[in-house]
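Please go over the structures that come below.
Next, two complexes with chain A in common: one pairs it with chain B, the other with chain C.
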Partner chain A sequence: MNAGETLLEVEELCTSFFTDEGEAKAVDGVSFTVRPGETLALVGESGSGKSVTALSIMRLFPSPPGRIVGGRLRLHWNGVVHDLVAASEPRMRRLRGSAISMIFQEPMTSLNPLLTVGEQVAEVLRAHTDLGRRAIARRTVEMLDRVGIAAPERRAHDYPHHLSGGMRQRVMIAVALVCAPALLIADEPTTALDVTIQGQVLELMRGLRAEFGMGLLFITHNLGVVAEIADRVAVMYAGRLVETADVLALFDHPRHPYTAALLRSLPRLCRGEAAPAGALEAIPGQIPSPFERPPGCPFAPRCGFARPRCTETVPPLEVTPGGQAVRCIRRREIVP
Partner chain B sequence: MARRSSLGRRLLRQRMAVVGMAVLALMLVGAAFAPLIAPYDPEAMDIIHRLSPPAAAHWFGTDDFGRDEFSRVLFGARLSMITGTLVVVFATVAGTVLGLLSSTLRWLDDLLMRFSDALMAFPDILLAIALMAALGPSLLDVVLALGTVYTPRVARLVRGAALVLQRTQFVEAAAALGAGELRIVCAHLLPNTFAVLIVQATFTFAAAVLTEAALSFLGAGIPPPTPSWGNMIAEGQQYLDRADWLIMAPGLAILLTVLALQLVGDGLRDALDPRLRGLT
Partner chain C sequence: MIEVDRLCVSFAGRGGWLRGRPLRVVHDVSLTLARTEVLGLVGESGSGKTTIGRAILRLLPPAGGRISVDGKDITTLSRAELRPMRRQVQMIFQDPYSSLDPRLTVQQTISEAFAIHRIGRRHDWPERVAALLERVGLPPEAMRRYPHEFSGGQRQRIGIARALAVEPAYIVADEPVSALDVSVQAQVLNLLGDLRKRDRLGLLFIAHDLAVVQHVSDRVVVLYMGRIMETAPSRALYAAPRHPYTEALIDAAPVPDPRQRKVHRSLHGEIPRPDAPPSGCVFRTRCPYAIDACARIVPALEEVTPGHWKACIRDDVP
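Showing the complex of A and B:
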């Protein structure tokens, strides 16, 4: 696997929802790539379009009213380039679970309450492989064991309600990874878990990513989690990317005022004299409605650095010499 | 397996549901073994002893033809139980299929739901009478008519439950892992509607027993001389001043059966409650 290899290419993706109130541009020209073995964190507040981006890649958004209105989605898998925008539904169904998998936020409701956890892992194997019953059972137990479930032979016969939230999320990870997908999309997989369990699940996902060599698209609004797991970060705001950067660069020198504001709104533990004065900084205002985006920079109405010309045209995503991409016309003048 | 036994235990912990089940079991035994238990042929006339009050020879007395009222109530129970069971099977199967179709195929949804709205706009009994007029008087026609009356209710319920389930994460997750539409409906939606279906089935059973009795009372159901609780009350009401046991016996049988079914239904609902949250 050479370093230049890409796994997923997202190019100028636009996904809209056509409702009675008009067209809601949930995702409006998003581009990024994910390489094998790499974790890209997609960060943003609720309503920024990060989940719709993920569902667009899976082609699982409700349709109608949703539609991919532009852009390209390409998945490199098994030496073939799969066009995820044009692929037929049966072909998408074959890719889901085997090439791309997804895990969700709520471990309490992500498993069918009437099937044993073993059956739910086995179901994916039955759908995507030709393995016989014995082989499936063996593989199921192996996978449950791999995600850190004690006594997996016995646990495989348990129903989801016998398990704790952390255990269920482990089962969910086992279900998602049992066919060794090339890309795993994780939509806020740790948000609903206790902090102590969050760490364990992140550790597990990191280990599995290395073991399977898969790319990970990690969606979250929790910057603490980003710092722990991501290689690169893409910050979304109002359906667009506002900044992409390596994780260290982003935390050290955020270039977009929105990223900087997000980082400042994070609670920090400081020792001694450096303790910041006053309360946490919240970002005033709200994310603009997807039905009526302001002209120009969507963050301008909430931005402390905004000038009248910010509201004239949408700023382009410019790449700095350091490889950081920023969508702000004042990026050279200001150091947020 | 663990789930089933704990459901049974939770049900047994509810006293009223246990009473209901006992009464129902009694009715079912009576209905099943009516030919063995009944002391007389329910259609054998004995004019000499007509309209005799309840006594040792005739526990529930005799009617205007001298037929044994107790034997007739037993055979009536048979009819009610058969009707109830068949109506429940009909309405549950048809309603489940239609409800699942409706929840999955959007273009069919409007059509099916408007049609079921139209059917549900009629009062049960009126629709049943109209259907009976079109079909003709026999047990099978009664089942067909009542089945048609109660199918939209089940369809609505299943559709609602399935729509809620389709929004749950485990269904989304199944789709994200490559499960097809049919697989999702059969493995994820259908089994998770069983809880609501079981409860609805007991209430449908009670409603079917009641409506069948009403139909037969009005002369639109099972025709005499076949004993049905409804036509027994209809015949008995002419002698209300002299022989009130003629309506008391079948009337109490209807009351007890419907009450027992409601108690069992309530008990089941409570026992299944954690699984019903958000679905009813």
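Showing the complex of A and C:
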């Protein structure tokens, strides 16, 4: 790939947590890229490593016990390649908020309860721009207005606890985007919201991505949300990437047995007279603990296609002619 | 049958400016649940769905209305008088991490239910526990282990085994799969489906996920701000919702199919605060079909086709 087209390169990233119970390989050799203006959904269940991947890019995981033990993270921004693994903490602070921003599932934990929402937006502008007081105030109100907060001049003086969950999420988006970062990382941003509010926030994020032209790394466990927002999808399981694909290809022809099984296990909303099927096609077994990952392919113990050799070595990530990347040694045998 | 007739539930103000002013969170809710039936109770936050479930178990005192179980009025029973009812109606909770006592083994947790309801002889309990574990798909060795040794899905199975221990006729399941990973949700949904068929249990299934509710329910009640908006047999409700809120909820649910990507325009605004509900129909402030009369008239639940009820004054929508 031409480097000019790439915004973020994640290459063989390994992040571990060192605890009394041993080394938990939260992220184990994960590679993907995000291009400008593109939405990559990083999908996985608990323990898949999707959030730790995001926090590694931001360098926001607790350290110790966490440490990036291998791999490269490169951000292409303002004509410079920034090495996010080697960057000093002051350098990371300059990049956060201006080049990369992150929003979280629960806005209350990342908004400061002691500052008005206007102050929190203004703080980012003071840190990363040379704007004067009046310009900052004007830009703050514009941004709150842009994320759909009614009467933004008045609302700027409210504290986070005055706002509903949906409004707080909008404020957090305003804080994240006010300096127009090249990359926005969103970690389950709609998971805590009611379904009707979730729709509004997804709509807002789609509009803002088009307007700001940023790359979006959208982390979620919800395949419905993935289908709504992603251009490309990376599926993680037990610390590893098992499949990456364009969103249509992933849902039409999932190539990894885990992706296929996950899609089949979902209860689907049936409209019209069609009745939902009887029993769901559940995936047997449990997600392995990060301290006791099975050898070889981590999905093998739950996989209907597993063979003894699946537990011998970790399968390589192979790219199909269609551009899908799949980590399964039986990939050629089990799919058309 | 469980019959709930015009149930009202209020919370006392917890201080501040609300002090002394009770806040009504469930308004005149009537519903029935037969043995062997699954009734889905669906709504967003503040809809009152969890409160209704807890009131049916008398974990919360009703502020009005009547609840009866198999013909016996339980609305005003004392704690001691409630014990036989507690054996009839059990509950499964959302969070399998906080609903099990971390200091008790699985055997102790389940045996507690035997002790409270004086079921069987003490020396038979281990055998009963093993049988229950088998019914929920856990090996008998699991009884000697502690909750932290299990995954979320396994803990939910333990919660289900504990509920089944007293051989209830009804189970209130409050968001039983929403804290579970997608790949284990289906396991637990299938288990609940099997139990209902095999054990002829009545299940009140409380959830916010419309696809999950459709999958398990025979009938569905849609709640908004503590009031019933619509209730119907599951198939009729999803095929042709008659209340604008139900339509909006179905439209808003993200579908795992990128070819059906939608534009979310139908519902603007947020759920109003329960202490300042809109006049007339509580949904009118967000309803795309609202007319002036909606602010004046509190819509009554009306039967539109047999078994299909809606609380909306407009018959021409959606």
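As a convention for this text, the second predicted complex is superposed on the first by the 320 of 336 C-alpha atoms of A that agree within 3 Å, B and C clash if a C-alpha of one lies under 4 Å from a C-alpha of the other, contacts with A are read in each partner's own complex, and residues count from 1 in each chain.
Definition applied: contacts are C-beta pairs under 8 Å (C-beta built on N, C-alpha and C of every residue); 3 or more make two chains touch, one makes a residue touch a chain.
Everything numeric in this text was worked out from a predicted model, so none of it was measured.
Taken together through their common chain A, the two structures put chain B and chain C side by side without a clash.
Of the two partner chains, chain B is the only one touched by A:Tyr159; chain C is not. When the shared chain is aligned, chain B comes close enough to touch A:Arg93, but chain C does not.
By the touch criterion defined above, A:Val247 reaches chain C but does not reach chain B.
Judged by the touch definition given at the top, the superposed model places A:Pro267 against chain C, while chain B stays out of reach. Seen from the CA centre of chain A, chain B and chain C lie at an angle of 70° in the overlaid model, rounded to the nearest 10. Touch criterion met: A:Ala127 reaches chain B, while chain C stays clear of it. If you count the residues of chain A touched by chain B and by chain C, you find the higher number for C. Once the two complexes are laid over each other on the shared chain, residue contacts for A:Val226 go to chain C alone; chain B is not touched. Chain B and chain C never share a C-alpha pair closer than 5 Å once the two structures are laid over each other.
Within chain A, no residue touches chain B in one complex and chain C in the other. Residue ranges of chain A in contact with chain C, taken from their complex: 45-46, 164-167, 194-200, 202-203, 221-228, 230, 247-248, 251, 261-263, 265-273, 275-276, 278-284, 286-287, 302. Interface residues of chain A facing chain B in the complex, by the touch rule stated above, are 58, 60, 93-98, 101-106, 109-115, 123-124, 127-128, 159, 172, 175-176.
By the touch criterion given at the top, residues 44-45, 151-154, 181-187, 189-190, 193, 208-212, 214-215, 235, 238-239, 248-265, 267-268, 270-271, 286 of chain C touch chain A in their complex.
Interface residues of chain B, counted against chain A in their complex, comprise 2-3, 168-170, 172-180, 183, 187-188, 191-192, 275.
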